Amino acid sequence: MSGHVVPPRIYFAVFAALMILTALTVWAAFQDFGPLNTVIALGIACVKATLVVLYFMHVRYGGRLVWVMISGALIWLGILLVITLADYASRGWL
Amino acid sequence: MSHYLNHDYGIRSWLLTKDHKRIALLYLISATVMFMIGGIFALLVRLELLTPAGDLMQSETYNKMFTMHGIAMVFFFLIPAVPAVLGNFLVPMMIGARDLAFPRVNLLSWYIYTIGALFTLWAMISGGVDTGWTFYTPYSTAWSNTNVLVTGVGIFITGFSSILTGLNFIVTIHRMRAPGMTWFRLPLFIWAHYAASIIMILGTPVVAITILLLALERGLHLGIFDPALGGDPVLFQHLFWFYSHPAVYIMILPSMGVISELVACFSRKRVFGYSFIAFSSLTIALVGFLVWGHHMFVSSQSVYAGLVFSVLSFVVAVPSAVKVFNWTATLYKGTITFETPMIYAFGFIGLFTIGGLTGLFLASIGLDVHVHDTYFIVAHFHYIMVGGVIMGYLGGLHFWWPKITGRMYSEFWGRISAAIIFIGFNLTFFPQFILGYLGMPRRYHAYPEEFQVLNVMSTAGASILGVGYLIPLVYLFWSMRYGKPASDNPWGARGLEWTTPSPPPVENFPVTPVVTEEAYAYGTHGKESPVG
Amino acid sequence: MLSDLPLFPKQASSMAWQVDALYLFLVALSAVMSLLIAGLLLTFAVRYRAKSRADRSNAPEGNNTLEMIWTLIPLGIVMFIFTWGAGLYFHMARPPEDTMDVLVVGKRWMWKLQHLSGRREINELHVPVGRAVKLTMTSEDVIHSFFVPAFRVKMDVLPGRYSTVWFKPTRPGTYHLFCAEYCGTKHSQMIGSVVVMQPDDFQAWLGGDVSDLTPAQAGERLFNSLGCITCHNPGSGARGPALTGLFGRQVRLAGGSAATADEIYLRQSIEDPRAMQVEGFEPLMPTYRGMISEEGMLQIIEYIKTLGPGPSAGAAPSAAQPARGGGS
Amino acid sequence: MADAHAGALHAHQFEDADQQKDASTLGMWVFLLTEILFFGGMFLAYAVYRIAYPAAWAAASHHLDVRLGGINTVVLIVSSLTMAMAVHAAQLGRRQQLVVFLILTMLLGGVFVGIKAVEYQHKFAEGHVPGPGFHFEGADGRHAQLFFSLYFAMTGMHALHMIIGFGLLAWLLAGSLKGRFTPSYYTPVEMIGLYWHFVDIVWIFLFPLLYLLGRH
């Protein structure tokens, strides 16, 4: 699962992408896209995080088990967020 | 012969040990101490409730008693009991490994547990804490004048010992299995621990951050749940129960694993429906995370959220029922003997059945409104926690005691004390179901007189239960020195842990075992001689 | 002694027998299931004890049909119980239209209640038999819980929020009122009683003490003394939005969002007016946080509720039938 | 996570070095999963209040310095790159490179924490620290105080992780100066690298959530 030597140019490419995305998200924050602002900011953050996980953290070259575990943890986080927020969203309903 | 107990001597060899078996014994000692502390608080609570007027102690004192009873029992006994003692000892042996994957992390987890326990004990000695083990805000953040901060720090620290234990088990079960030990040859004890470990690593961090936020609010005015700032105390309840409900499964799943081993061994038969029991553990671990809101049916969470939590709570009851049916079916056409561990297993199945069925009352949202926060819920969770977890723990402790110490305990006293515990338990907690339905709220220091008869019964039962717990403490301790030496496999049980000497050598197996058969291959190799 | 031992609390509300019916069903189900399991355990334990010579050939190690049966049948049963309990819960969560309202403030360690006629009570609640009663509750400090076992109702009472509970007493008598959510040192003394009276007796009791203003009148008095009236007057060109017919209506806020003018909206508008800026008005209103007690807040809200549609805002309305805004 | 002794190829409980490395990597990942849920609790609180009080939170967010936050984001991403390069150097057994990249990573980590300290100091000066002395110029100080409570809780926990990471890097540096790591044994470098990247990811989310949303 590990021991895979990633060529540095991939690291640099990922780094460049992260930098561009950072600039993009700052730029986007100052434009008015309405509710889309939040979507864009979080979307870019997710892309950046995915890049770091896949390349810097070598998950792209790793075994299936790590994939399963990461998705498991994200599902659990999703459970926590979605169910609790659903409570707040439906507080007024009867 | 050299084994893990005698290959090295001195306190240093224990406090710096990296042997999972010795760490299990360290946990056994500290968990027993915490159990006795929690037990003393419980007896004081029951004594106070003998009379309706609340005249034994001040209400401040009483509130601290039930709080510290809950904290000591939940965080420092029930959660580590089966996994950190029996699991630590048995997980590597059952899968044919020399140790856990990270022995130093394992030792670290015990030190973390101990430091957390010392913090909490310090908080108890220097004035105590009175928030209830649930730490509901804003009472805990703004109104209680007791040692909430120190207690919170203690529980926060201890959480990491649970995380590290779970982490160790998961990696060990994935990576350290002996050749031929496929997933579906694993003993059900391992499946149960794997499922519990998932909860430990995914739930515990949430309660850790929750307690931390509470501490920040109390100590540094970072008002995350403060209604004065527009914060929501119900959010605290969401975060708290996201861990603390699944925590129930951290306690009960490993105990269920023990019961699967006991029932198979003393029926001399493969467990009925192996894969169904295995998968029911995983189902409980997953669905158990979706039901936390049933602790909040009257908290003013939304009506629809309540309904969703209610239906999921009913769903999670099904895999538990499946386990009970499968254990019962295992007895069919078995060759059953009634040694002490088996008596505990029978006790577990009976009490857990009642605990589970009364869970249906609470999952039923319209009925829960009435019994919520009454003695009904107290009775229910003691049937699960004491009737389930502790019965399984004691059964397992007796079952593997010969392996752990190399000595047999007194079978006579074992059976007597199991019976006393069973009777005392029911007398203590069954009346509380009725009390609860009559409407006696929990955490009451004084109560209306019409509730007295049932409270007296409960207190009488508690004293019997207390005696029942003291007897094993005496004869188990006695057996360590004077007990009959145990053979490698005194019960004629299957499983890798019974193929090594009692007590086992330092690295468990002289040569790494190769597994060629299913778990619980009773019968296929002819009957082992019954216990002598 | 045991003959005095009750197994059920008194049934004193329309809800009580419904809850008891579900309870009894579950008790029966539990008894059947427990006896079934215990019976099987005992039978097998005796029949297949090591010394018996019972036939042990073809001992099964599993049976998928059986597993399906004992997974699906319990699933069906619990789903049936779920729908039963859920129906009951909806019934509890939805108060009927025509209720007698009482305002409740919990504080450590007492219950303060006020009828809409103005009569105040502490740790006691008098209600007439046969009339649905709705409580609007809030807390001054920590979380409490309003619990009347004889009515089978319970609801948490939270600081900074309003929760409601309703019940319809069916039998005169005096019943326990408990605080069910642990609230500190004297939690077990935060108790009282609910007195259910015949309607005539209740009217006599209610009229027995006329010195108090109704909550709406007290709210109006507060409204005037705090100077709210200077801006929130129904005249044109007023600096604040008119409150006539406001309660229950949709309000457009500055910034484009909308909110329903319910209790919590009014409370937030009084405490953080500039956070709840109504569209078309200047942010002039100062905060009234800390200047109004929890009871005062409930009274002002009660007063605003009575400002029904029509020009006669401010006129003393009938307190027993507060005007409720249209559906939200 | 690694339980190996210097010099020994693998610890006694493992069959071989591969099994050990496998186990260590898995263990580290499991640990990082717990960290996701740890921060997850605060993200939940954030979401609940952001949705409940959007205007107050946007106003409060305006009082954060987006330039300093942005610079810190860049600093942290560069440090992730140097950390990745450090692992790369360790894989290839380039000891000098490893030392240089570790020092660079530590430096960048130090810069990040330093800038964070400056920001905290601004908050103290402006009275934006929750508590009795809290002072806020905007319309809705109460809910803004909630924002700053979470701001300090989240960035504080993140900074604490940075400081722990800094200590771990110092330990790695000492080890690599002694030549402990070889192409066949560099598990600690890789594990601490994973941790460092994880801390970076947390910031990648904190930056938009705290500094950017509601900025326009």
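For clarity, chains are labelled A, B, C and D in written order, and residue numbers in each chain start from 1.
The working rule: contacts are C-beta pairs under 8 Å (C-beta built on N, C-alpha and C of every residue); 3 or more make two chains touch, one makes a residue touch a chain.
Predicted model, so just to flag it, every value in this text is computed and none were measured.
Visitor: Any idea which chain sits dead centre by C-alpha averages?
Guide: B
Visitor: Need the CA-centroid distance for the pair chain B / chain C, whole Å please.
Guide: 36
Visitor: Just give me the whole-number Å value for how far the CA centre of chain C lies from that of chain D.
Guide: Chain C and chain D have C-alpha centres separated by 45 Å.
Visitor: Report, in whole Å, the distance between the mean C-alpha point of chain A and the mean C-alpha point of chain D.
Guide: That pair's centroid distance is 15 Å.
Visitor: In chain D, what residues contact two or more other chains?
Guide: Touching at least two other chains: 22, 26, 30, 33, 36-37, 40-41, 44, 48, 52-53, 142-143.
Visitor: Give the residues of chain C that touch two or more other chains, as numbers and ranges in rising order.
Guide: Correct list: 93, 272.
Visitor: Could you say which residues in chain A touch two or more other chains, in rising order?
Guide: Each of 65, 72-73, 76, 80, 84, 88, 92, 94 in chain A touches at least two other chains.
Visitor: If you connect every pair of chains that touch, what shape comes out? Choose line, ring, star, complete or other.
Guide: complete
Visitor: In the complex of these two chains, what residues of chain A are touching chain B?
Guide: 65, 72-73, 76, 79-80, 83-84, 86-94
Visitor: Applying the document's contact rule, which stretches of chain B touch chain A when the two form their complex?
Guide: Listed in rising order, the residues are 174, 198, 202, 206, 235, 238, 242, 289-290, 293, 301-305, 308.
Visitor: So in the complex, which bits of chain B are touching chain C?
Guide: 54, 59-60, 63, 130-132, 136, 138-139, 142-144, 227-228, 230, 233-234, 267, 269-270, 272-276, 297-300, 303, 306-307, 310-311, 314-315, 317-318, 321-322, 324-326, 328-329, 331-338, 346, 349-350, 353-354, 357-358, 360-361, 363-370, 372-374, 434, 437-439, 441-448, 450, 453-454, 523, 530
Visitor: Which residues of chain C touch chain B once you look at their complex with the stated criterion?
Guide: It comes out as residues 1-2, 4-9, 18-19, 22-23, 26, 29-30, 33-34, 37-38, 40-41, 44-45, 48-50, 54-63, 66-67, 70-71, 74-75, 78-79, 81-82, 84-93, 108, 141-143, 145, 147, 149-150, 152-156, 158-161, 163, 176, 178-189, 272.
Visitor: Under the touch definition given earlier, write down the residues of chain D that touch chain B in their complex.
Guide: 1, 3, 11-15, 19, 22-23, 26-27, 30-31, 33-42, 44-45, 48-49, 52-53, 130-132, 142-143, 145-146, 149-150, 152-153, 157
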